[in-house]
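Handing you this structure, nothing more for now.
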Amino acid sequence: MLLSYLPLLIIALFGAGAFYASRARISAAPQRSLPGLPGHYGWYGTLWTVVPATLVYAAWTIIDDQVIRNVVLSDFPDLSGAAATLLYVSIENAAAGVMTDDVPMASVELLLHLENLSAAARFALVTAVSVLGFFWGWRRIRPELTARDRVETALLVALFIASIIAILTTVGIVLSLVVETFRFFQLVSPFEFFFGLEWSPQIALREDQVAASGAFGAVPVFAGTLLITVIAMLVAGPIGLMSAIYLAEYAHPRVRAVIKPLLEILAGIPTVVYGFFAALVLAPSMRNLGVDLGLTISSESALAAGLIMGIMIIPFVSSLSDDIMTAVPMSLREGSYGLGATASETIKRVILPAATPGIVGGFMLAISRAIGETMIVVMAAGLAANLTANPFEAVTTVTVQIATLLVGDHEFDSEKTMAAFALGLTLFIVTLALNVAALRVVQKYSERYE
Amino acid sequence: MVNVSALSDPQPKLVARAVSVYYGGKQALFDIDLDIMSREVTAFIGPSGCGKSTFLRCFNRMNDLIDDCRSTGSMLLDGSDIAGPDVDVVQLRMRIGMVFQKPNPFPKSVYDNVAYGPRLHGMAPTRGDLDEIVETSLRRAGIWDEVKDRVDQPGTSLSGGQQQRLCIARAIAVRPDVLLMDEPCSALDPIATATIEELIDELKSEYTIIIVTHNMQQAARVSQKTAFLNLGRLIEFDETQKIFTNPSEPSTQDYITGRFG
Amino acid sequence: MPAEHTVKAFTEDLDKIERSLLEMGGLVEAQIARAVTAVAQRDSESAARIIEQDSEIDRYEQDVQEQVERLFALRQPVAQDLRMTISAIQIAGYLERAGDLAASMARRSIVLCETREVPGLYALPKLGDASHTMLKDALDAYRDRNIDQAKSIRHRDRELDDMYVALCRELLTHMLEDPHRITPGVHLLFVAKNLERIADHATNIAELVDYVTTGTRASEDRPRGRGFLMEGAPSPDDPT
Amino acid sequence: MSSYAATTISSQAAANRLLLRRKRAERRFQLYGILAISAALGFLVVFLASIVSRGYMGFVQTEVRLTVDFDQELIEAGSYRKMLRTSLSELFPNAGSSRAERRTLARLVSAGTVFVLRETVEADPAIIGTVEDVWVLASDPVDQFYKGRIDAALPEEERPISDASLARIAALEAAGRIDLRFNRSFFTRGDSRNPEEAGILAAIVGSALALLVTVVLSFPVGVMTAVYLEAFAPKNRITRLIEININNLAAVPSIVFGLLGLAVFLNVFGLPRSAPISGGLVLSLMTLPTIIISSRAAIRAVPPSFAEAAIGLGASRVQAIFHHVLPAAAPGTLTGAIIGMARALGETAPLLMMGMVAFVVEVPGGFTDPSTVLPAQVYLWADSPERGFAEKTAAATIVLLGFLLVMNGLAVYLRRKFEKQW
Amino acid sequence: MPAEHTVKAFTEDLDKIERSLLEMGGLVEAQIARAVTAVAQRDSESAARIIEQDSEIDRYEQDVQEQVERLFALRQPVAQDLRMTISAIQIAGYLERAGDLAASMARRSIVLCETREVPGLYALPKLGDASHTMLKDALDAYRDRNIDQAKSIRHRDRELDDMYVALCRELLTHMLEDPHRITPGVHLLFVAKNLERIADHATNIAELVDYVTTGTRASEDRPRGRGFLMEGAPSPDDPT
Amino acid sequence: MVNVSALSDPQPKLVARAVSVYYGGKQALFDIDLDIMSREVTAFIGPSGCGKSTFLRCFNRMNDLIDDCRSTGSMLLDGSDIAGPDVDVVQLRMRIGMVFQKPNPFPKSVYDNVAYGPRLHGMAPTRGDLDEIVETSLRRAGIWDEVKDRVDQPGTSLSGGQQQRLCIARAIAVRPDVLLMDEPCSALDPIATATIEELIDELKSEYTIIIVTHNMQQAARVSQKTAFLNLGRLIEFDETQKIFTNPSEPSTQDYITGRFG
C-alpha cells in the first residue's frame, strides 16, 4: 500500500526541490534581462522532474495489473473467458485475505510476489525518471532559455487536454448509445420500434406469462412522454412567463430580491423529492378528488406527473425569461414610457417582442428538460404503456422505460437492455435537436444587443 | 446682449417653482425656479452629477420610474400642474417627448418605431393617417430621404446618427409640445453630432426643446438659453450668448472657462 | 468659403459677418466719396450729413465685434474660419477708421467753406478717387478671396503716396505764396493726409486677404513712400 | 398646442374612453403576474409544509425502557434473544407463553433489539451480571401508533397493530416505560429492512464520497476548459466544436449520462458497480458542463480591459489571465461549482443506472465499497410499503434539502459578496 | 485673472499674451517719449534710432496676433478669457499705430532739424508728456483691470484735445507771422496731430478695460473736442 | 508657425515606414509614414473608424492579440525594428506603455496596481525598491497626494479621473520611453479631463506621448504635433498649431472646421 503511493510522494518532493534548485540556479546567473522571471525557471525544472515521472507511473499502473494477470493465469493455460475471470477474482480475494476454498495457493503466492515486485520496480523506475528529468532540466537552465514561453506552452497544452474531455464525453455517449442501439436494431426492426403501437419489453420469465412477448413498438412511450411534457408546459409556461414579467417589470427591487431566489428554490429541489411528493401526496389526493368528482383518475396519472414536472420547470421558464427581459436595455423601456405608454403596453409591445426569441429559446430548453426528466415520472407516472391522450390515465415515458429496463442485474445483452439504449439514443437526439435550436435562437437574440 | 431679468415673455411654456428632488435620503436638487420659454432651445449644463438629468426627467415625470425618487415643488406646463399625484403621466408624456443619451430605437421596423406612439394613443384611425404621421415625423426629423426606401427594415440597422434622428421622429410623432433631450449626442461621433445639432436648430421653430449636455460648446451652439447647475442648485440662467460671453456668476464663469476643481 | 459646415448655422453666421463687413465697407466708401465731393464743392450741408452718418459706421463696427465675439464663444472657429473671424474684427476696425477719416474730412470741409479757396485743388478729387477706389477694390478682393488683386492693391498704395506727396508740395507752394491760404492749406493738407490714411487702411485690408486665404500675414515692410526725407526737401509728406 | 385646441369635444371623449380602457388593461395584466407568482410560491409552501409535516417525526423515535438482566450465562451462550424475551415477559408476566404470543410480545420492540443488547455488552463488558434499564427502539407499528399515525378506532384487521399490543402500550405508558426520544440511530446507521432501524449515515457518506470524486475531477477540468476556451482558444473549427459540444452536454438528460456510465465505466472499464468512484465519475461528467459554462460566464464578465492593461505592461497572455482574470472570476467560478455540486447531490437518475440505488447497511469505507447516496435512499424508501419508511423518506428529504439549502446559501452568499467589484 | 484654469497652460498662455502686450506698450511709450524729445531737441540721430526701432513694435504686434490666433485655435476661450483675447488683438493694433505715430514724429523731427526753428514750442513737450502719460495710464488700467482709472483716462482725453487745439492755434499764428515757419509749422502741426492721435489710441485702450472686465463696450460717443468748428474759428484742429 | 518640412530633428523616437494593416482581407491602414519626435505629444485625429486606434496599437504590437490582424512595413523605436517576428514584445511593451480609453485599474490595491509591472519584470528586488517605484510613479502621475493615505484601498474605489491617473502611474512604473494613450479622456467628465490634460502636459518633459482623440479641441490643447488620418491614410502631419490654424490639406481643413460628411 505504502509502496504504491510512495512514488507520488517522491515525485512531489523532487518537484518542489527542482523548483527551488532551478530558481536558485538562474538567480545565481549574471542578472540580465531574462526571458522570464526566476519563478518561470523554477517551474521549468519542476515540469521536467514531474511530468515524465508521472507519466511513467501512470503507464506502469495501468499496465501492471494486466501483465500480472497474464503471468498468474499462464499456469492455467486451459482456462479461458469467464472461468479464467472467476478464478482470477478468487485468487485476488485470497491474496487480499478473504479466504475462499479451492484456490491454488501457489498462484496466490505468485500474485503477491509479483505485486510486490511490480511496486518496487515502479518505485525505482519513477525515482530514476524523476532524477533524470531533473538533471535534464537543470542542465538547460541558462539565461538564454525562454523559460516563460516553455512553461506557458506546457500550461496551454494542459488546458487544451482538459477541454478535450468534454468532447470525449460526447463521443462516449454517442458511441455507447449507438453501439447498443445498432445491436438492438439487428434484433428488432427500426420500423417496429418507431411505428409499433405496442410496448411490452418484459421477456417472459415463464412460458405462459401474458403479454410479455417482447413487443418493442415505442409509439405509446413517445406519446406518454409527449403528453406529460405538454401538461408540464401548460403549467410552467404561463406561470413562469407571467412571474418573470411581474418580477422583471413590476416588482420593487426588494420584492424581486426575495421572490426570485424563492422561485429558484423550485429548481433546486431534487427531482426525487418531487417524485416522492407526487407519488405520496399529490397522486392520492388527486385520486380522492377524482372519486369525489366522479372521475376515474389513475393513481399514477399523467396529470399528476405533468403537474409536478410543470412546477419543477417554472423557474427554468421564469429565470430565463426574466434574464432575457432584464437584458432588454433600459433605454427601450424609457423610450416607450417616454412616449406615454403604460407598463403593460411597454411590456406587450416592446419588451416581449424584443425578448421573444430568447423566451422561445428558454421554452425549448424547458421542454428539453421536461422530456429528459426521469425521477418524477419514474415515481409518479406508470409503467404501463397506454396509448392515450387522457391525462387521468397512467402513461409511461422514455425515461421511465430506460430506468426500469436497466435497473436490476440483467443480462446486459438482452433485447430489453438494448431497447433501453435505443430509447436513450432517441432521447439524446431529440433533446440535442431542441438544445441546438434553442441555443441558436438565444445566441442570435443576444447578438442583437451587443 | 440681452439681460435676463429683462426677459419677460408673457407665458412661459414650462415653469418650475421651488423644485427639490430626493433620491432616498439624498437631496439631488435644491429649490429650483426656472421658466422655459416656448419655441426656444434651453440647455442645461453643469459638472457631472450636478442634477441636470434629474431635473430634465422631472418635466415628464420619468423620475417616477425610479423607486426611491421623490420630488417637491410645483411644475407647470402651459400653466397647469404636472407634478401632482393625480396628473395623468400618459397624457403628460404625450405632450412632453423625450430623446435619450443612447439612441434607443425599438427593435422593430423604422415604420413601427415611428408609428408606436400614434398607435398607442389611438391617434391614427386609418392606415392612411398613420402613413401620413410617420412620413411627416420622419421628414421633420430630417431623415425621411435617407430611410424612405427602407421603412420596413429594422430601426436598429441604421447608423448611430440616423438612429438618434429616428428616435426624434418617434418622439415628435405623438405631436408633443416639448422635447427633452438628455445628452442626445454623447454617444455619437462628431459628424453625426453635427447633423443632430442641425436638426435641433430646425426643430426649435415648432417645439420647445430642453437639452442636457456635457459639452459646453454644444450648449453654446444649439441653445438660446442656458441654465448652469452645480451641486443640485441652479446657479445661473440666461441667454446662451450672455452665459458664454459674459456670465454674471463667478462660478459660471469658472466652469465655462475651465477654471473648475 | 470652400464648403458648407455640417452645422449650417455656422456657415450662416460666418456669412452674416462677411455681409455686415461688406455693407459697412459700402457705407464707408460712400462716405469717403461724399466727403471728397464736399471738400471739392465746398458743400457744408452734405458735410453735415456725412458727419451724422458716421455713427452708423460705428454701429456697424460694434455689430461686427459682437457677431465675432458670439461666433468665437459659440462656435470655436479654427483654421480658415478662425482667420476669417479674426480678420473681420480687424477689417471692421480699419473701416471704422476710414469712416472716421471721411467724417474728419467732412468737418474740415465745413471749415474750408468759410476760408479762402485754394487754387489747384484739382489734384484732391483725383487723390480722393484713387483712395476710394483702392478701398473698394480691397473689399472686393477680400470678398472674392482674390490674392492677386490684393497684391496689386498693395502696389497701388505706392502710386497713391506719390500723388499725395505731389499734392502736399503744391499746397505748400500755395501757402508760401499767399499767407491767406495758410489756414485752408493746412486743412487741405490734413484732408490729403486723411485720404492717404484711407488708402493705407485699404492696403491693410488687402493684406488680410492673404492672411485669410493662406494663413500667412503679408510682410510688414510694404513700400513706404519714397524716402522724401532723404531728399532733404522741405516737404511735409510722411505717409504715416 | 394647436393640435390640442383643435381636438373636438367628441374625440376628446373618445380619447378619455381609450385612456380608461388602457388603464384597466394595465391593472388586469399586473394581476396576472401576481397570480402566477402566488401560484408558484403557494405550491412551494404546500410542498414544503407537507414534507415537513410528514418528516419531522422521523427525527424522533418511540423507545421502550426495558429492565434487562445481563446474565453472564446467557451472554456466554450468546442467547441475547432469550435475555430480551425474559425481560419482556417480566414486564408483561401474564402474556401467554405460546410461540405466537411470545412473538407478538417481541413485536413491541424492534427486531434489531437483540443486536443492540449484544452491542451494549460488547461496548461495556462491566455491565455483565448487572440488571440495567435499557432504552430500546419500539417496533414500527408501535412507533407509528405512539406517534398517532394509526387510528386505534379502526377495526383490528385494518390496522397493523393488534388490540393486545395497544393494551400493552397503554400499560407501558402508564409505567413511564415508553417515550419519544431523539432518533440517534437515524444518523448513525445504514439502511435496514426495519423502518425503525433504518438510518441515513451510509447514504450520507456515500454521497460525500461521490461528491468528493466529482469535485476533484470536474472542478479543475472544468475551470481549465473554461480558461482555455475563453482566453486562449484560437477561433477555429475545433474550438467551436468544443463550445457547441459543451453547451449541448449541459442539456443532455441526466439519465443519458447514466447510460454512458453503465456502458463505458461499468461494462468497458470494469469499474465496480454501486461504488462512489463510478457514481462520482458519472456525476462529474454531468457537472462538468455546468462548471465550464458558469466559469466561462464568470471569466467573460471580467472586463477585457484588465487583461489588456496587463499585456500593455508587458505581461504575457498567460500571465494576464492568471494574474488578473482568474482571480477576478474566482467567486463566479466557485459559485458555479457549488451550484453544480448541489445539482449532483440531488441527482438520482444516472445513479439508478450505476446501481447506486442499493440496499446498503454498512457505511462505506472507501471509494470502491458498495454504497448508496442520499437521494437514492429517498427513492428506495419512498418505494417501501411500510408506513415507517414514508416518515423516514420525508425525514431524509428534509436532511437532503437542508444540505442543498446550505450549499445554495453559500453560493448566494459568495455571489453577493463578490458581486461586481470592478 | 480670477483663478487658474484647471489646465494651467491655458492660464500661462493668457498671461503670456498680456505680458507681450505690456512689454509692447512699454516700448511704444519709450518711443513716444523719445520722439517728442527728438522733436524738441532737434536730435536727428535719436530720431533715426526711433525709426529703426519701429520694426520691433511691428514684430510685437505680429507676435501678439500669432499668440492670439494660437490661443483661439487651441483653447477656445470663452467669456472673460475670450474678451481678453479679442481685446489683445485690438490693443496690439492700437499700440502698433501709436508706435507708427512715434516713428512718424521722429521722421518729421529729422526734417525739422533742417528747417528754421519755430519759437514757442514749449507747448509741444507738454502735449507729448500728457499723451505719453495717458498711454501709460491706459496700459496700467488695463493691466490692473481698473475701471475707474480707465474712466478718468477718457476724461483726460478732452483736456488733451484742448492742449492740442491751443498748440495748433499757436503754430498757425507763427506760420502766419513768418512764411519761413510754414514748412516746419506744418510738420509740427502733424506732430501735434500725432500726439493727439496717440492719446486717442490710449483712450481706445482704456475703453477696452471696461469691455474686458464687464463685457460691455464703453459707449462710442466719447467727448470729441469741443466743437471748434461751430465756433467758426479758422482753427485747423479737428481731433479726428 | 513652423513649416513641417523644415522640421528635421536628427533622431526621431519612433519611425513608421510604409505601415499597412489588414484585418482579415480588409485593409485598415494604407502605407503610413510618420516620425514621432522624442518628448513631444503627438495627437492622432480623424473621423471614427479611420484607423487611429489601429495605428496606435501598432507601436506596442497590441494588434498581435487580434487573431486576423496582420501588418506590413517597418516600425522603428530608437532606430531598431519593433515589427519583426523575433522582437521580444515583452521588452517592447515595457518601453512603450499604454493607457486605455476607459480607466481600467486592476481590482487590487492602488499599490499593487502600480507595483504590478515592476514585479512582472523583476524590476524591484526588495520591498523598499518597490515602495520607491510606486511612490515615484504615483507622484509623477500627479496623484500621490490624493492617494498616499490609501494605497491599500482598491484602485477601483477612486474617482474616474483618479483611476485614469492611476493607470498612467501604472504605465510609467515600468519606466517606458513612450506612452500610448487611446482616447484617455473620453470616459471622463470635463473636469477630470482637464486634470489629465494637465498631466499629459507635464509628462511630456520625460516621455514621448502619442494620444488618440476624437476631441479636436483636446488634440489642439495637449499636442505639439497632430496627425490627421482619414480612411486609413495619413492625410496630414504637422505642428498642431499649424494644423489648427492653417492646415495644408483641404480635407484636414474640412475636418477640423466641421465641414465633413
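Lettered A, B, C, D, E and F in written order, each chain numbered from 1.
Everything that follows uses one rule, which is that a contact is a pair of C-beta atoms (placed from the backbone, for glycine too) under 8 Å apart; a residue touches a chain by one contact, two chains touch by 3 or more.
Keep in mind the model is a prediction, meaning the values are calculated, not measured.
For the pair subunit B and subunit F, the fraction of shared interface numbers is greater than half, so the two copies use mostly the same residues to meet.
Compared with subunit C, the chain whose C-alpha mean position is the greatest distance off is D.
The chain pair B-D and the chain pair C-F differ in C-beta contact count, and the higher one is C-F. With centres computed from CA atoms alone, F is the chain lying nearest the middle of all the protein shown. Averaged C-alpha coordinates give centres for subunit A and subunit E that are 95 Å from one another. Averaging Cα coordinates per chain places subunit A and subunit D 19 Å apart. As a whole-number value, the distance joining the C-alpha centres of subunit B and subunit C reads 49 Å. Annotation: 55 Å between the Cα-based centres of subunit A and subunit B. Shown for subunit C are the residues in touch with two or more other chains, namely 5-7, 10, 69, 73, 76-79, 82-83.
Within subunit A, contacts with two or more other chains are made by residues 342, 345.
Looking at subunit D, residues 22, 316-317 sit in touch with two or more other chains. Counting only pairs that meet the touch rule, the chains in contact are A-B, A-D, A-F, B-C, B-D, B-E, B-F, C-E, C-F, D-F, E-F.
By the touch criterion stated above, subunit E contacts subunit F in their complex at residues 5-10, 66, 69-70, 73-76. Listed in rising order, the residues of subunit B touching subunit C in the complex are 1, 191, 194-195, 197-198, 201, 217, 220-221, 240-241, 244-245. Note for the complex: subunit D touches subunit A at residues 22-23, 25-26, 28-30, 32-37, 39-41, 43-44, 47, 50-51, 54, 220-221, 224-225, 227-229, 232-233, 239, 241-242, 244-249, 251-260, 262-264, 267, 285, 288-289, 292, 316-318, 342, 345-349, 352-353, 357, 375-376, 378-379, 382-383, 390, 393-394, 397, 400-401, 404, 408, 412. Contact residues on subunit C toward subunit E in their complex (touch as defined above): 55, 58, 62, 65, 68-69, 72-73, 76-79, 82-83, 85-86, 89-90, 93, 100-101, 103-104, 107-108, 110-111, 114-115, 172, 175-176, 179, 182-183, 186-187, 189-190, 193-194, 217, 220-221, 229, 232, 234-236, 238, 240.
Here subunit A touches subunit F in the complex through residues 33-35, 37-38, going by the rule given at the top.
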